[in-house]
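Below are the structure tokens for one structure; questions will follow.
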Amino acid sequence: MQSNFTETFMKYVFIVCASLSILSIILIFYFIFEGGVPFILEEGIGNFIFNEVWRPTASNPSFGILPMVVGSLVVTAGAIIIGVPIGVLSSIFMAFYCPDWLYKFAKPAINLMASIPSIVYGYFALRLFVPFFRDLMGGTGMNIVTASTLLGIMILPTIIGLSEASLRAVPKEYYSASVGLGADHDRSVMRVMLPAAKSGILSAIILGIGRAIGETMAVILVTGNQPAIPNDLNQGVRTLTTNIVLEMGYASGRHREALIATAVVLFIFIIILNTTFLFVKNRGGND
Amino acid sequence: MTKKFSFIKILVWAAGLFTLGMLLFIVGYIFYNGIPHLSASMFEWDYSTGNVSMMPSIISTLIIIGASLLIAGPVGIFTGFYLVEYADQKSKFLPIIRLATDTLAAVPSIVYGLFGMLLFVYQFEWGYSHFAGILTVTIMILPIIISSTEEALRSVNDSLRMGSYGLGAGRLRTIFTVVLPVAMPGILSGVILAIGRIVGESAAFIYTLGSSSSMISSLGDSGRTLAVHMYMLSQEGLHVDESYAVASILILIVLFINGLSNLIGNRLGSGGK
Amino acid sequence: MANTKFKIKDLDFYYGDFQALKNINMDIEEKVVTAFIGPSGCGKSTFIKTLNRMQDLVSYARVDGLISLDGQNIYEKGYDANLLRKKVGMVFQHPNPFPKSIYDNIAYGPRTHGIKDKTQLDQIVEESLQAAAIWDEVKDKLDKNATAISGGQQQRICIARAIANDPEVLLMDEPTSALDPISTGKIEELISELKEKYTVVIVTHNMQQAARISDKTAFFLTGEVIEFDDTEKIFSNPTDQRTDDYISGRFG
Amino acid sequence: MANTKFKIKDLDFYYGDFQALKNINMDIEEKVVTAFIGPSGCGKSTFIKTLNRMQDLVSYARVDGLISLDGQNIYEKGYDANLLRKKVGMVFQHPNPFPKSIYDNIAYGPRTHGIKDKTQLDQIVEESLQAAAIWDEVKDKLDKNATAISGGQQQRICIARAIANDPEVLLMDEPTSALDPISTGKIEELISELKEKYTVVIVTHNMQQAARISDKTAFFLTGEVIEFDDTEKIFSNPTDQRTDDYISGRFG
Amino acid sequence: QEGTINVVSREDGSGTRGAFVEIVGVVDENDDDMTTTSAAIQNGTNGVMQTVAGDPNAIGYISLGSLDDTVKAVTVDGAEATPEAINAGEYPIARPFVVAWGEDQSDVSADFLTFIHSQEGQTIVEEEGYIAVDASASAEDEESSEEASSEETTEEASSEETTEEPAEGEESAGAEEAASEEETTEEEASSEETTEEESATEEESTEEESGSVVASLPSYEAAGLEGTIEVVGSTSVTPVMEVLAEEYMALNPDVTINITSNGSSAGIEAATGGAADLGMSSRELTEDEAAALNQANIALDGIAVVVHPESTVEDLSLETIRSIFLGEVTEWEEAAQ
């Protein structure tokens, strides 16, 4: 029999555990913001975010990250367009369409996909996607579309893994009920099972988008990394993350602060994204 | 009306096959480029520029996976318990935790790297070390484990909880003996995802674990994971072939770990089958 | 009355190794209410679910023998199981409303089968809920989630959902088990109305109910049909001793 | 017979804004079978679940008023809800066996409350299954998953599970709704036996059942107790017109 | 060769890029890096190699030590990119590898440095495809480093420019190659002049001692020390450092050397903060950094200009390369003229 003490004690253990993630995020906040916010204030928020010129090492340096902001947005949007539909559909495939013999092989395969290091994806894309898109679109082949495609693929396992789990968690009775009403498999899955798993799928998508925004080591190899606002899909872009990774190894002084400030902006982006989704999710979950 | 929706079938199959095809393609590409370059000398205990041995990296990778799961596993699962089984679903604390975990989940690896470096390596003066690397990735995988645990727990039918409470079982017993076994597969898929994240990570490690190629002798040592090892081998273009060989081994290790955790999961989650 | 709707010949059914139905032969007539009675675990649910191929969903289940609907073998290759299930509606033993609004639950079937028109749907929803004797209780909360209502209400929602689909045959697995006498009365009334147009198969543990509303009754025992005859005959003068024992409560 | 087990005073109950129970006052006596009857959705399940604080688990539920067990307020701060639920066992309206083996289902309660000994557990499991009239059906598959059996079997497993816990009070929410007459008869027998030692509260839609087995009956209507009296009185000579209407089927 | 030139460059701040733009002259009058904004940026040698190897129209530059046959190095003004040519002063594009250390240098760390600058050490440097540097020059530099850095500080304080990459590059290039402090001063004096002149100066100074310096270096003898040395920094320096460390550990079995490879700035920061005994850098230290640290060059690395292996381009003039990277020449047809 569980004593009341153990119950209460464990309850507090659980609360402490739950608080740890808040603590972690606060620590990360603190360290990143401490490094970046003073710089942003000095430079002026507008002048940092809406300035188009990034020339950190020039004799008259200019720290404008608008191109990177645009780059991140564009590439992430592209990744969502490619990755989310394929990911969600694939998870439906895995949960409701995949024959058993294939599933035995496909399930570990998807898990494996999540474990392949970014750099491998990067070199893979550099060797195969870049020439492909160069032939298709002209230019260097290191462009928005290439990066979006690569990211779209890279976020697949994240989306598929969690979406599939929540699809499988939907009680089978719903499916039986739908089929019992003469709905075919497709409709039962799309109209009953999918909506019932909505909230899980949404968090899978958020995680996926988070991965897309945060991905660096692979993207860096295929986006061209030009710090300029693109006006065509076949141009290269630089994302906020690649901006940090590219120059962090060498930056010092104000340049370095500017990079940490870039991380701050990235952070704020993510928070906006998450809050929006939290809001949408709460609204969506209430009906 | 069957016909009207049959394009869904095509769509779903196409997506599934695309994903699998892409994976096969990538894995094939890695094996094609890597397997021929494997040699026994790459598994010697000590690294040298001559053998570019991946043994130290394999050991470090396994240690880091083990240690960070040892921390993030319980913490993440317990957080899930709190969120689903304890917290008042209307409390203000809940959205805060959720926002925190969602944000943690979206923090880019490179930011984790910088953070780990600033806090563990410099502030705590641990230097580049397994400690710093482990703690950094622990925080990184925490949200993955939390959210998959949360989803899995929520999907457990309430009537089961009712059944258990109705017999006078406390929350703890209900959670551990009734809810957890049912939720196990979901939690496990989160754990596997987390392992994947660790194995595939490089940016966060470079700034915390460092990239020492020597065999670990204490957790205070710097080291490198397989992914970092790959990165290091390929970065200067000197050992590109070997880096694919490392990637091949990495894939085999991941498959092995997946198999193992499925086995464990089946044990834990089978209940009374 | 003489038209045969379902013809079942030499039906065997297995869950894995376990044989749940043994050599069932039965003709279910059109526009007639057929009741299945028998002790718990004797295979009533199993059998009723073979009639609209719901057992297809149990991966380890296996059906042997022949079931034909209107003269066509429903287990034949190429037979459209979805169309079958539209024609042969079902109310499950455990209420299983979708986690959607009450309205969407009822409208699900009609929408599946192509009805888009809002006013038409509204009408179907109201009529079905009326028929299932639950309209008054839920008419103000049609947009509420159908899983947060009482057990009996859920059961009636499921009945309404099945009716909304306008089936030819309605299979009901203990449809009034969670209902009070009044609702039960209304459902029984509904069944009597339905039989004007439809064929109804009902599983029930309530002997009086079977006697009251059915025309034919089948008595099941451990996977076999012991006796299948006019309800009157079964309840007044059963051929088999075991049937007699069961309905008079002397069994076991 | 006169000992009061539960004393309920001025009980109001809310699901969010919806008031499901209104000003309930009732004394439930020890070693007596009390039946709750009333139309679907009238609040029977809601009420029965307040007696062992199962409603604590519904986050948006709110209880007002007083319920005391053996003179102690069970909603008092510091009152051990787990101990309460051990003492006040419950069989739910929908069978909810754990997805574990049949054996583990039954042994769950005893194990929770500290019984480890294998032979003792074996004995409890067998006795409980016997009492719930399902031993013969499952004795060869005790290690099978308790979710892959028929609906009625699941219900009896849940009854056995509750009995195995050796409670003082047993709350049963339509325990025989999915059962055939024979199993029902056995459960009713069980209830008569139990009342020697325990207090039993049963929700039922079956008037005959209520009349047969209960000593006291409460009639619920839209969240209120209309009448609560000796069963005999209720069924032969109810005070309230509505009670009369309901039990004679003239209601609504 | 026809078509648009796809320019591939390294990231801003990279030692390779710094040296490349400075020597080739991809800078404006303020010595600001003027690499065309349409250049694709890769953050590692391998990234550049893979990009160029996969794109027939690409041109990039990489560390000579990493050059292999997946790409083709063009000759610059007729000179082939080889250590010999660099030593002979024929091939103009090269940059130094630097190590830096803080105030309290441990004995083992000092001994390791001695080893690097010994005949044995510099032989390894050459074997790895880099260019050896003169030990005595470095040794002197070591001793007088404090003085030298204060000199730098004064000088640069008087200059109008905030970042003086060319000047600094010039200075340490001088430090390696020149045998005496006099020459260093001379070259510093010329630091304000244009890049063409600078490279001319460089050529001059290297001409004075063409051929390898290895033979003239002192031999290393193991001192039998024990301890651990943390080496942190530049990814470009890492490969040669690893070999050096291995060789050293073979001679001094009680010494452990840990190498962490995470970028020049990280290395310098680690050295400043004390997390590293030696910081590796493939760029010059900034004046702040130089004031806080001691530094020495351990090797010279050539920078090869590379194109696709099937490209028909064989030779480019320094001026053409400059125009290409400035974005003035965008078509291979133009470049070929």
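A, B, C, D and E are the chain letters, set down in written order, and residue numbers restart from 1 in every chain.
The criterion applied here is as follows: contacts are C-beta pairs under 8 Å (C-beta built on N, C-alpha and C of every residue); 3 or more make two chains touch, one makes a residue touch a chain.
Just so it is clear, the model here is predicted, and its values are computed rather than measured.
Enquirer: Give me the fewest steps it takes to get from chain A to chain C if each step has to go to a chain it touches.
Expert: Steps on the shortest route: 1.
Enquirer: In terms of C-beta pairs in contact, which of B-E and A-E ranks higher?
Expert: When A-E is set beside B-E, the one with more contacts is A-E.
Enquirer: How many angstrom lie between the CA centroids of chain B and chain E, rounded to a whole number?
Expert: Averaging C-alpha atoms per chain gives centres 39 Å apart.
Enquirer: Rounded to a whole Å, what is the gap between the Cα centroids of chain A and chain E?
Expert: So the centre of chain A lies 37 Å away from the centre of chain E.
Enquirer: Where the CA atoms of chain B average out and where those of chain D average out, how many Å apart are those spots?
Expert: 46
Enquirer: What whole-number Å value describes the gap between the mean CA coordinates of chain A and chain B?
Expert: 16
Enquirer: Using the touch rule from the top of the page, what residues of chain E touch 2 or more other chains?
Expert: Residue numbers touching two or more other chains: 46, 235, 262, 266.
Enquirer: Which residues of chain D are in contact with two or more other chains?
Expert: 82, 94, 112-113
Enquirer: Which residues does chain B have that touch at least 2 chains other than itself?
Expert: Those would be 1-2, 157, 170, 173, 234.
Enquirer: Spell out the residues on chain C that touch chain D in their complex, using ranges where they run on.
Expert: It is residues 15, 37-41, 45, 93-94, 137, 148-153, 156, 174, 177-185, 205, 207, 246, 249, 251-252 of chain C that touch chain D.
Enquirer: Within the complex, which stretch of chain C touches chain A?
Expert: Interface residues on the chain C side: 52, 54, 57, 82-87, 89-90, 92, 94, 96-101, 108-109, 112-113, 143, 145, 158, 161-162, 165.
Enquirer: Quick one: which bits of chain E touch chain A in the complex? Just the residue numbers, please.
Expert: It comes out as residues 4, 6, 11-15, 30-33, 37-43, 46-47, 50-51, 54-55, 58, 161-163, 165, 234-235, 262-266, 268-269, 283, 286, 288-289.
Enquirer: Name, in rising order, each residue of chain B that touches chain D in their complex.
Expert: Within the complex, chain B contacts chain D at residues 88-90, 157-170, 173, 177-178, 181-182, 271-273.
Enquirer: Which stretch or stretches of chain B touch chain A in the complex?
Expert: Touch residues, chain B against chain A: 1-2, 5-6, 8-9, 11-16, 18-20, 22-24, 26-27, 29-30, 74-76, 78-79, 81-83, 86-87, 93, 95-112, 114-115, 118-119, 139, 142-144, 146-148, 151-152, 154-155, 157, 170-173, 185-186, 189-190, 192-193, 195-197, 199-203, 226-227, 230-231, 234, 247, 250-251, 254-255, 258-259, 262.
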